[in-house]
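Should a chain be cited, it is by its letter among A, B, C and D, assigned in written order, with residues numbered from 1 in that chain.
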Amino acid sequence: MAKTILPYIISGISVGGQYALIAIGYTMVYGILRLINFAHGDVFMVAGLMMVYMAASMPLYIAIPLMIVLTVLLGFLIERVAYRPLRTAPRMSVMISAIGVSYLIQNLALYITGGLNKNYPTIPWISDRVTVFGMETSRVTIITPFLTIILVVLLVQLINHTKIGMAMRAVSLNFETSQLMGIRINNVISATFIIGTFLAAVGSMLFFTNYPGVVPTSGAMPGLKAFVAAVFGGIGSIPGAVIGAFIIGIAESLIKGLDTILIVQGTISEQIGFATFSDAFTFILLIIVLVFKPTGLFGEKTTDKV
Amino acid sequence: MRKDRPCVLRVEDVTMQFGGVVAVNDFSMEEYEGEIVAIIGPNGAGKTTAFNVITGVYAPTNGRVSFNGSKVIENFPKGKMKKGYLGENAGKYTETLEPTPDKLTALGMARTFQNIRLWPSMSVFENVLIAKHMKRTSNLFSATFGANRAEEIRQREEADALLETVGLSDVRNELATSLPYGKQRRLEIARALATEPKLLLLDEPAAGMNPQETVELTRFIAEIRDQFHVSILLIEHHMDLVMDISDRIYVLDFGKMIAHGTPTEIQANEKVIDAYLGVADDA
Amino acid sequence: MKQEYRKKTSWGALLAVLVFLAVVLWLDQIIKPTNKMYMLLTVLQKGSVYALAAVSMNLLNGYTGLFSLGHAGFMLIGAYTYAIFTIPSSARDAVYQYFDAAVRFSFPEALSGVMGPAGTAVGVLIAVILAGLMAAFFAWLIGLPVLRLKSDYLAIATLGFAEIIRAIFQWQKLGPITNGSNLLKNFARTSKFKLELGDTKLVLSTFVPVLIATISIIIIVKLVNSTYGRAFKAIRDDEIAAEAMGINLAKHKMLSFTVSSFFAGVSGAMMAMVLSIAQASNFKSAMTYEILLMVVLGGIGSTSGSVIGSFLFVAASEWWLRGLDSGSFLGISAPGIFRNGFRLVVFSIIIMIVVLFFRKGIMGEREISDVLRSRKKKAGGTAK
Amino acid sequence: MKKILAVALVICLVFALAPMAFADDNPVVKIGVFEPQSGDNGAGGKQEVLGMQYANYLTPTVEIDGVEYDVELVYADNASSNDKAPTAAQDLISNGVSLVLGSYGSGVSIAASDTFSNAGVPAIGVTCTNPQVTSGCDVYFRICFLDPFQGTVLANFAKSELNATKAYCLAKLGDDYSGGLCNFFIEAFGKENCVYEQFPEGTSDFSTYITNAQNQGCDVFFSPVSTEAAAQIIAKADTQALGMPILAGDTWDSNVILNAAKGTDVQICVTTFYQEGANEEFDKGIKEWINSDKTALANNGGNDELAAVTVMGYDAYYVALEALKAAGSTDPEAVLEVLPALSYEGVTGAIAFDENKDAIRDSAFVKECNTETGVWDFVTVATVG
């Protein structure tokens, strides 16, 4: 039994770690701007594409830092160009703008790649094959969760113990009041986007090393799932997003293997086709959470003012 | 007091807690047909919260509200609230009755809002007409395919008549939010009247008005009580207005009712003077 | 000042619609598929599908203020319902290649047996309505839990439901009904819509979808102008005030959601009809986004805006900007830049410009009739 | 007001532009190329087009009814997507093509068949192997073998050559090519001995499917999916030590697979239409051409390793020319009339159509990937007896 399930769990934890790195960007932006940044998943994809093109023309030790810097720049620019002008507009307009940005990035990527699958460069060491518990896998699978947790701990430290972190917490509690208190909202928002895209860039490196094909729509599904993870954990809460991401990663992996697990167990005799629902399951989880605990696992309750 | 008349609204032991904060604590009151009753109290005393409980916006933590002799809202502390309940009447109420505001409006309660909530994209006329939606007999299909023409014409005429009565006919086609403040207030009241209520709840109708406008409003409120045969419950800070038109007054402080009586009684009440009038001069 | 309420049948508008339909019917006869101008018909066909989809989405997002992103899911239900119930029995086995088809009933076929050629038309109509009803039914099921959610949570929940619906329709176990994840075809489709009057054949390939869309949009316009439409707008403008004025939020949101989904289902059926195939994998969330962008382009809260927006969108992406993809555009030849995908890039930039700088879209919240009226006023000097 | 003006301006512009397209009266015959240039099958589609382009480069003109015509290839990208296919097809038809070649991937061909049939423009399927392509459409012909045949060949090969007793079959949801081929494979291999799974579009995590195959104790991994997915499956099969041979259909006969498999220890066998080296002269010519043309080289994945689909594309072009010659007209209707009786001796063998408008072919090549050198090794020619 354990041997049957273990590979799914390990692969799930690894995917979960990658979702977590994307989910943090969603949850932080939502916490501050109340905006579902639909373009975040696409930024993640662009990070992958940049790596593909840069690794072809320069050594990895230059390509990786450069890719991270450029991705962060992209995240920063998106906020500046597409969200900042709409700061006072209704929430729906901003969300539409986010969808528009996502549409633009995907189409741009489609144009540049010609719609063809691009193979992610092999990053030495992390993509080597290793054996864990008698199971063959790549090293990236094993290091992802650890790296994720280290980054999250660092981030939490940053938020709890630095001036910008305090400003972020203040802004997410109350936008207008913080503004009145002299916090430079724009700087805080830019910082949020920079941190979010930085983590997405790191996440993209791990994700695409693990699943080495980059297409224009590569970011859409992981992005959506990461967002669901953020909602699941309670939007605005960083530990919540991380835990949510791990749960979703593992659940998704188990769903894909559920037929096999049940057949090996002897519970069922033929395929049921659960794998069809591997993406949909995430959303089923989302709807259950939204209906029964709309604030997620760690979110705080708010009351509307009349 | 007009105890000879039927009781329109009876509030019993209503308590509203938000987490550890008790906004309204064991508030009880009644209002009889044709009365104008005011709730007063310093800022943060829980007046608007009490309003919101009565109109169904919030489900109370504990207590009961009856309207026109029948029970419409009832609740008792449960879940997290059960442990943290700070009121005195736990266990008195056993039923859960939490209607949404529209149900209460359908029964004959209508309200205005402290910070005016007109429908901004619509004209003055439409604002009143939509309030008539509730009185429709048509369903989605008959309305879409124009089978409700007679009703539609009638409702339009009624809305126009109402605008005429409240003196807003001249701005009928203006955008509601383009009106001056005083007229917006008046329109909000007209809109509430369009639902043909028995009880009209006015949340600080004179807020932000100058003395001249306040005097007009005072007259207006008295007029509509007589003309539309409604009882009126109002929250107000303008003491002139309150003392002028109220039949009775309830005074809230920190969620608790500290006094009630006729304007003269209240003006003489020590507690009220200490807690309220003594501290804050009327705005 | 007081104006008499007059019945809003504007004969001018009706005449315009009839003339438009007649022109479409005429174009249908003169433009053959091998003609260069056939693109015009393609645009009319697809445009009417998307116009209805956009108008129905606008009913929800624009008039009721419910930001829902589940449109593609309801269109999928409509497309499948329509397709499944119009495949002739002779073609069933070929379509359900790997399954034993469970549904073996076709409305057009059954009715043409009873009523002759007219039965086919009635059958198609019944299937289209059934497609709408199915979508509305699913919307009702979904609406029960999710309509309580606020703005962006509602958006993401409905988006999720669309994905769930898509997965269900692709499920192998439902193969006997849905043909698994494989495509459905050979059902009643526009390319086969013809009317035989003695010797002359009347081609109806474009006329039928345009007609269905026109009727549906007229119904939606009537709804929007009715007391229910006003209630929807009240909910959009201020939910709390609407509820306080006796408008039952749950009921009206559900009404708007199901009606919108009904027409989404109808547009899904039309999409199947026009594309002549139906497959779950086509109804991705990207389709919802595109429809949303059409609504935004035309102006959120304007029905005529949605119609104009979707025709512009379809015409630009299918026809006018095609040159951007194939080497030369407006006489400029630059195969290096104008290559595959450039059209969509230009297109998405245009959309971003609209979203950022012309937030009201083409029409704002106005309708064509408002625009015409204000022009008439201007022409008539100061007369009120 | 300004906006109305703008809209009116745009409309005027369009109608001003439209007539420009009519002025084209050179003696040109147009052949439509209905192939994916983007999306999942974009890489494969480009390789198939290469063959047509090479043939067009060798034979740019054709004599029809005594008149010398320039042959123009008109492209339409069906984007590997069933909902884009009908519009792409319509685009070709409106462009006045005499006949259409394509597509790589069966789904798009099935999706577009109605459009072709409605316009009466004949289409010749080059490598679309699903039976529905021709069975459901009166104008669709095809020059390759069919999935029932290919599936049986593969199943027999798995049983007899690979000694497999239990097969894991992986297809893409909603993809007629992989789904169809898996179905016919399962039919031939025995339903009870097969595990059949489908992955949704946009899947990037194939490791779970590999674990599934291992856990269920399968001994052959059959996954005739697109080359995009293939590269990822191979990478995962390597890192997770799959431990069973991978078997696939004609799409995998591509240098994408060779590149992905080189240096790994994964065993890969495919069935295909053509074996490199069967016609030395042709091989040499086309390789020279590919190497001389930068775009062609890029479209072929950066090297000159021939894909079978390229060769099929080459043959398809000549079949089209033969049809035009036989018809003696550029009229699609005339071409349609002569197609059933047409025969042509191509590089991939003799081509003729049976009563189902399908090619009469009874053999497929089986190749195995040499993971050290990164080329295909010929295994056998398989037929179904």
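Everything below uses one rule, namely that a contact is a pair of C-beta atoms (placed from the backbone, for glycine too) under 8 Å apart; a residue touches a chain by one contact, two chains touch by 3 or more.
It should be emphasised that the depicted structure is a prediction, and the values quoted were computed from it without experimental measurement.
Q: Shortest hop count from chain B to chain D along touching chains?
A: 2
Q: Going by C-alpha centroids, which chain is farthest from chain C? Tell me that one.
A: Chain B.
Q: Which chain, with its centre taken as the mean C-alpha position, is closest to the global C-alpha centre?
A: C
Q: Can you give the whole-Å distance between the Cα centres of chain C and chain D?
A: About 33 Å separates the centre of chain C from that of chain D.
Q: Round to the nearest whole Å and give the separation of the Cα centres of chain A and chain B.
A: One centre to the other, that is 48 Å.
Q: How far is the middle of chain A from the middle of chain D, if each middle is the mean of its Cα atoms, in Å?
A: 36
Q: Touching two or more other chains, which residues of chain D qualify?
A: In chain D, the residues touching two or more other chains are 37-38, 173, 196, 198, 200.
Q: Got the chain B residues that touch at least 2 other chains?
A: Residues 57, 113 of chain B touch two or more partner chains.
Q: Tell me, which residues of chain C touch at least two other chains?
A: 167, 170, 172, 181, 240, 340-341
Q: For the complex, give me every residue of chain A touching chain D.
A: Residues 4, 7-8, 11, 15, 110, 114-117, 119, 127, 129, 136-138, 207, 210-213, 215, 217-218, 220-222, 253, 256-257, 259-261, 263-264, 271, 273, 275-276, 278-279 of chain A touch chain D in their complex.
Q: Using the touch definition from the top, list the residues of chain D that touch chain C in their complex.
A: On the chain D side, the touching residues are 1, 3-4, 7, 10, 14, 17-18, 21-22, 37-38, 75, 77, 81-83, 86-87, 90-91, 93-96, 107, 110-111, 113-115, 118-119, 121, 131-132, 135-136, 173-176, 179-180, 183, 196, 198, 200-201, 332.
Q: Considering only the defined contacts, which chain B positions touch chain C in the complex?
A: That would be residues 55, 57, 100-103, 105-106, 110-111, 113, 117-122, 126, 129-134, 136, 138, 140, 143-146, 148-149, 152-153, 155-156, 160, 169-170, 172-173, 191-192, 194-195 of chain B.
Q: In the complex of these two chains, what residues of chain A are touching chain C?
A: So the residues of chain A in touch with chain C come to 34-36, 81-82, 85-86, 89, 91-93, 95-97, 99-104, 107-108, 110-112, 114-115, 220, 224, 227-228, 231, 271-273, 276-277, 279-280, 282-284, 286-287, 290-291, 294, 304, 306.
Q: Under the touch definition given earlier, write down the residues of chain C that touch chain A in their complex.
A: 61, 67, 145-146, 148-149, 151-153, 155-157, 159-161, 163-164, 166-168, 170-173, 181, 240, 285, 289-290, 292-293, 296, 300, 339-342, 344-345, 347-349, 351-352, 355-356, 359
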